[in-house]
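Chain lettering (A, B, C and D) follows the sequence in which the chains are written, and residue indices restart at 1 in each chain.
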Amino acid sequence: MVPLTWYLFLAAALFCIGVFGALSRRNAIAVLMGIELMLNAVNINLVAFWRYTDLGQMTGQLFAVFVITVAAAEACVGLALIITIYRQRHTVNVEELDTMKG
Amino acid sequence: MQQVAFAVLSLITLGAAIMVVTTPSLLRSALWLILAFFGIAGIFVLLNADFLAITQILVYIGAISTLMIFAVMLSSKVMDPHQPRFNEQWGLVGGFSALLFVALAAIVSRVVWPVAQGEVPVDTIQRLGADFVGPYVIPFEIASVLLVVAMIGAIIIARERE
Amino acid sequence: MINYLSDFFVNLARSWTAWISGFLPVWAVTVVNYVIVAVILVMMPVIATLTLTWMERKVIGRIQNRIGPNRVGPWGIFQAIADAVKMLVKEDIVPDNADKPVFNIAPILIAAAACLLWAVLPFGRNMIGADLNIGALYVIAIGSFTTVAVLMAGWSSNNKFALIGAFRVVAQLLSYEIPMVLSVAAVVLLVGTMRMGQIVELQTVPFVFLLPTTFLIYMLSAIAETGRAPFDLLEADSEIVAGYFVEYSGLKFGWFYIAEYGNLMAVAAIATTLFLGGWRGPGVAAVPALGPFYFAVKILVIVFVLMWIRGTLPRFRIDQMLGFAWKVLVPAALANLLWVAIVLKLPVPTALQWLLILAGNLITLVVALTLLGRAAKQYAARRGLVSA
Amino acid sequence: MSNPIFNLAVLLPLLPFLAFVLILLWTGRNKRLSAGLAVGSIGLSWILGWAIAIAAFRVEGFGANPFLAFRNWLPTGPTWQAFGIVIDPLTAVMLIMVPFVCFLIFVYSVGYMGIGKPEGQHDVRGWPAEPGHVDPLVSRFFAYVALFATGMLGLILADNLILLFIFWEIMGLCSYLLIGFWFARKYPDPKQITPKEAGLKAFMTTRIGDTIMLAGILLLWIQTNSLSFSEIFKPQTLASLATTTANLPILGPTPWATLIAILIFWGAIGKSAQFPLHVWLPDAMEGPTPVSALIHAATMVSAGVYLIIRTYPLMQAVPHGPALQFISFIGAFTALFAATIAFTQNDIKKVLAYSTISQLGYMFAALGIGAYIAATLHLLTHAFFKALLFLGSGSVIHGMEHGHHAVGHSAHGDTEAAGHDEVSVSPARFDPQDMRNMGGLFKRMPRTAWTFIIGGLALSGFPIVTAGFWSKDEILADAFVNGHTLVFVTLAVAALLTAFYTARQIVMTFFGRPRTEAAEHASERDSIFAWMTIPLMVLGVFAVVAGWVAIPEDFPILGALSSNPFHHFIGGLAEALEIEANPLPFRLSPLVVSLIVALGGLLLGWLVYRGYAGKGAPAEGSPLEIPDPMARPLGRAYTVLQRKYYFDELYHAVFVKGALRLSNWLFRVDDLWVIDPIVDGVGRLGRWFSEISRRFDTAIVDGAVNGIAAITNWMGGIVRGIQTGRVQNYLLVGLVTVSVLLGAFLLLPK
């Protein structure tokens, strides 16, 4: 039987990798990928806690499903945005998208 | 047995994840992402969450990754592999995410988790469904609405404007 | 002896296990058995290819008023073998500045997907690779996984035709996945489980008699998923030479070939399992060994029909095809699903429920067809194809 | 006991509301459809309402255990406000009256607003349409009235004060919108109040009452922690309210019950236009006539009375306490006071408006002296015959306009005025509402005339047959038997006056010879009159028979015929709420009195005005110059009455002018004694200073200013570095914060 903490470590590591990707890549799509990794880390935590604490109720899995739903929505809108930006500015480089620069 | 499986899966996942954030070619990192998703699906199977595992494959690999590869292909013209893949703050980010990991790990190892051993009920899927239309029906509905909204929004955003 | 034969395969497996567990530790027995099952399952697409290619060429030949292969062996049975040999000896070309690793992995993945499908299909009572409690969903997931592999192939071979083929695949497969899922969901709703084994066990009446429209929708989307005519846009020879695997040759091309026929057989098998009562048939209860044969026969019938369709119908145009998926199949499938869900909640005897479901299906079918016909008329009139 | 149909009661308000929403959102373009929706919805509510009411009559001892249904919706601290409905005898009888009258008036408005008529060419939005044309905003009209119906039905169903108050305010809003329905209308003489102003006036005036009422409600909630009637009317609650006292500045210790009752009664004063706040109702007649009939005669104004009846246990928590005395005083006074004004008015609708006020006063007086059931009865009967009268007057007005149109010159000086203004200032404008322009309409508009006369008789309490007689007689008898002599006398006089001005009105309008061309050619032959006169007839029937349900048992002869079901029905509720309402012993004197006042008043009026009406049109000049026969005998008093005791002027002088004068005064003070000297001084100083400052300026200030600007610029340059506009930088900040905080949290000693 695998101890819970292993899963938590895994999730933490995955989350940090995702953060790194989301914050350090120049390409918007890569940033999205990082975000997806973070979400998955969260899912791992949810399911692990479900498995190891309350098998009586399905809350953990339910929330994981919701997270997946939200991730899907986020991905589709994000990619739509990226495509539009690409069409208009001919770049998907996050650094060049700084029209809000003060 | 399970430990081995876990070790392998987590190694696959983490390795793939690292490749995702480091590979210069976007398409490659998308493929690595898929591998990572597979690893996570495996983890779910280890956790007796078969339904989630399959959903993971169906949604993340079948839909999201495909979308991403699509986006990569559509925007592939502007990406020459020679320009740097990271922005100038990547070192800082790396350091701090490492710090974050250390902190999280410390918390995880410090806290005494209230672990309750128990047999996984056989009818998880039925109960999942029951909960979705039972106590969690409102979140469920909201999620569906969210999906519809996202779909419409995406269509409107990405539509070619004459 | 008779009753040994009567449940031949299971008993064979039993005695085999008994024999090896004589001199092997338990875990080893498990491993060995897993390996054997895996091998059998992996063989399925190969077998499918070897048989179906020949069958297809014969059938198409007949349809096109030819004889078909007739040189190699009696009735050209060994044509497939010959082709296989030819493929093996061919040179393996990898185009320049192709994305080599991806290029090499793609065919393997596709073939793997084709094999994986077989894991959850029951060949007979207690004859199933792994009776997952999410079998139906698993099938869908694997199907969606094919998309990625095709995409990889199309992208990595760095070729315009291949890329366009890949784009078409994504469009097509993603669109047709939805009606497929919905139709499968209707069956799952009806039996209340996703275990393929149980779905067959509970299928006292083949569901095609309950859900004809759903069956139709499933078959249409299945054809699209396997990318066969009339939905073979991803390899439309006349438009984009061979679609996403234009650059492949030799063994890798063989993989795609295997994958295609493996998928063909697989969707036929799934259709059989979900709608035609799988291995059920007269006398199965007494002689379970008959199960696999019924299974095979039903599969072959469906495959034949698919070939028939391929030989008969011209190819769709891409926009028409997607429009068909979104404007016809999805609404119809949704309607059926809803109707089934409602009827199952009605407090009436099962027989009546089934009648209601059947009625609803037929109504959906009629409505869909009428609307389609009207739309077609208008279209034709607009294009001046007919004098409206 | 609870008949399932009661559960449908929720639909009563919902149906009209649905119509309102539909009309407002979708069907506004299609006038016919909108009207159809409104009428249909209210028709359904009518049928449903009667079904419910009849079901209620069937139930034995219904008053003791009424039907309740509620659902909590508004958390208020420890308690909940329920969204609930109650059906008890009172609601039931109201359900007989309200939806029915609403329905009839809706039908009437279909004709009145000219549905199905062509669109006028130069009709302007917010002006009355030309005769024989459909009103340009008619859909909006029906939307508003439908919303109003929602308010009224909800009000009578509400089972708690807060809900009641909500619907109360909805009605207030509708009244404002509908009075100002012809919002663009202007009159040649600037003194005359325009619909817009009238609406504003009504809204503001009632606001005063409503605010005080809200204060009362809040106090009540503070005291009892609940606003649902069933809670408040528990004996112990009332007892505690009656015993515990609040220390008021001047009055000293007062029982909470009294205080709250009076505060709530102020709301009724505002809505029902009682004495201090009565000024808005006559001007509310600027609205379309169906509105006057529906809102300002039958339902909304009587909502005030309904409120008091509904909260009666609270009002009489202190038996015969100051609250009741206050109510009866206000009521009786208003009854007399409004009646005196009424018989000098010449505008057909204004007369009815004042008579409404006085009748409402009647009801309040009745409540004040404890004539609970009599007041309820009068509320019903009055709704019927007053609605009838108003609709009749509307029909008369339309008839006059048609006649005027037929004669040729535009009945609507003002309508074209929208187009070109110089016409609207033309002084001589024909007023189709002025009774002095009428006369002899009996032959020309027989249906209207007959129904109007029936209504008039009912109003003046014509003996035995009409409904008004029974209700009024009940009230008078009650006052007499319970020894409220003052109230009795006042009401008797008021009744006399009522009969008198009713006779005057009828004679001036219908009898004698026509005094103008318009009256000469007035007719009710136009198709719209079909819509308008049928409700008149139905109401006419009810104005007669409505009273027969309440014939006292020991009334000679007739008493034997009926068993006074009304009294028993409401009585059940009354005793359930511990209101003493025993059938009165029969006394001859009040009966005689009421006979005398009714018949006498009518006779008197006829005698006085017969001559006036008989003269017909004057040889030269307008009929407006003919003096009113009452003018000479009364002398100056007559003008006083005609100017409505100068109340408008008074309020204007006190409140409006007062504010103006005050501000003026402040302005002067400011200007003469404070500002000017300062200004001069500043001027001188300024010249001197500026001389110095000029040198100072160029040298230092400029430098400083530029310097500051430069500094700001420089700092901004530094700060804007942070605002890279790149999302990743911002996220990095977040990451740094989180990780550092976490690290610190771990490293720091616990």
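A few comments on the model shown:
Everything below uses one rule, namely that a residue touches a chain if its C-beta (ideal position, glycine included) is under 8 Å from a C-beta of that chain, and two chains touch if they have at least 3 such contacts.
Computed from a predicted model, the values in this text were never measured in an experiment.
Chains that count as touching both subunit A and subunit B, per the definition above, are D.
Subunit B and subunit D have centres, each the mean of its CA atoms, that are 65 Å apart. Once the centre of each chain is set as its mean CA position, subunit A and subunit D turn out to be 61 Å apart. Spacing of subunit C relative to subunit D, judged by their CA centroids, is 75 angstrom.
Centre-to-centre separation of subunit A and subunit C, using mean CA positions: 33 Å. For subunit B, the set of residues touching two or more other chains reads 51, 55, 63, 70, 87, 89, 93, 97, 100, 104.
Contact with two or more other chains is made by residues 19, 23-24, 94-95 of subunit A.
In terms of inter-chain touching, the protein chains here follow a pattern that is not a line, ring, star or complete graph. This structure has the following touching chain pairs: A-B, A-D, B-C, B-D. Those residues of subunit D that touch subunit A in the complex are listed here as 719-720, 722-728, 731-732, 735.
Against subunit B, the residues of subunit C that register as touching in their complex are 99, 102, 132-134, 137-138, 140-142, 144-145, 147-148, 151-152, 155, 163, 166-167, 170, 174, 177, 194. Contacts from subunit A toward subunit B in the complex involve residues 1-10, 12-21, 23-27, 29-30, 32-34, 36-37, 40, 43-44, 47-48, 50-55, 57-58, 61-62, 64-66, 68-77, 79-84, 86-87, 90-95.
By the touch criterion stated above, subunit B contacts subunit C in their complex at residues 25, 27-28, 31, 34, 50-51, 54-55, 57-58, 61-63, 65-66, 69-70, 73, 122, 125. Those residues of subunit A that touch subunit D in the complex are listed here as 19, 22-24, 31, 94-95, 97-102.
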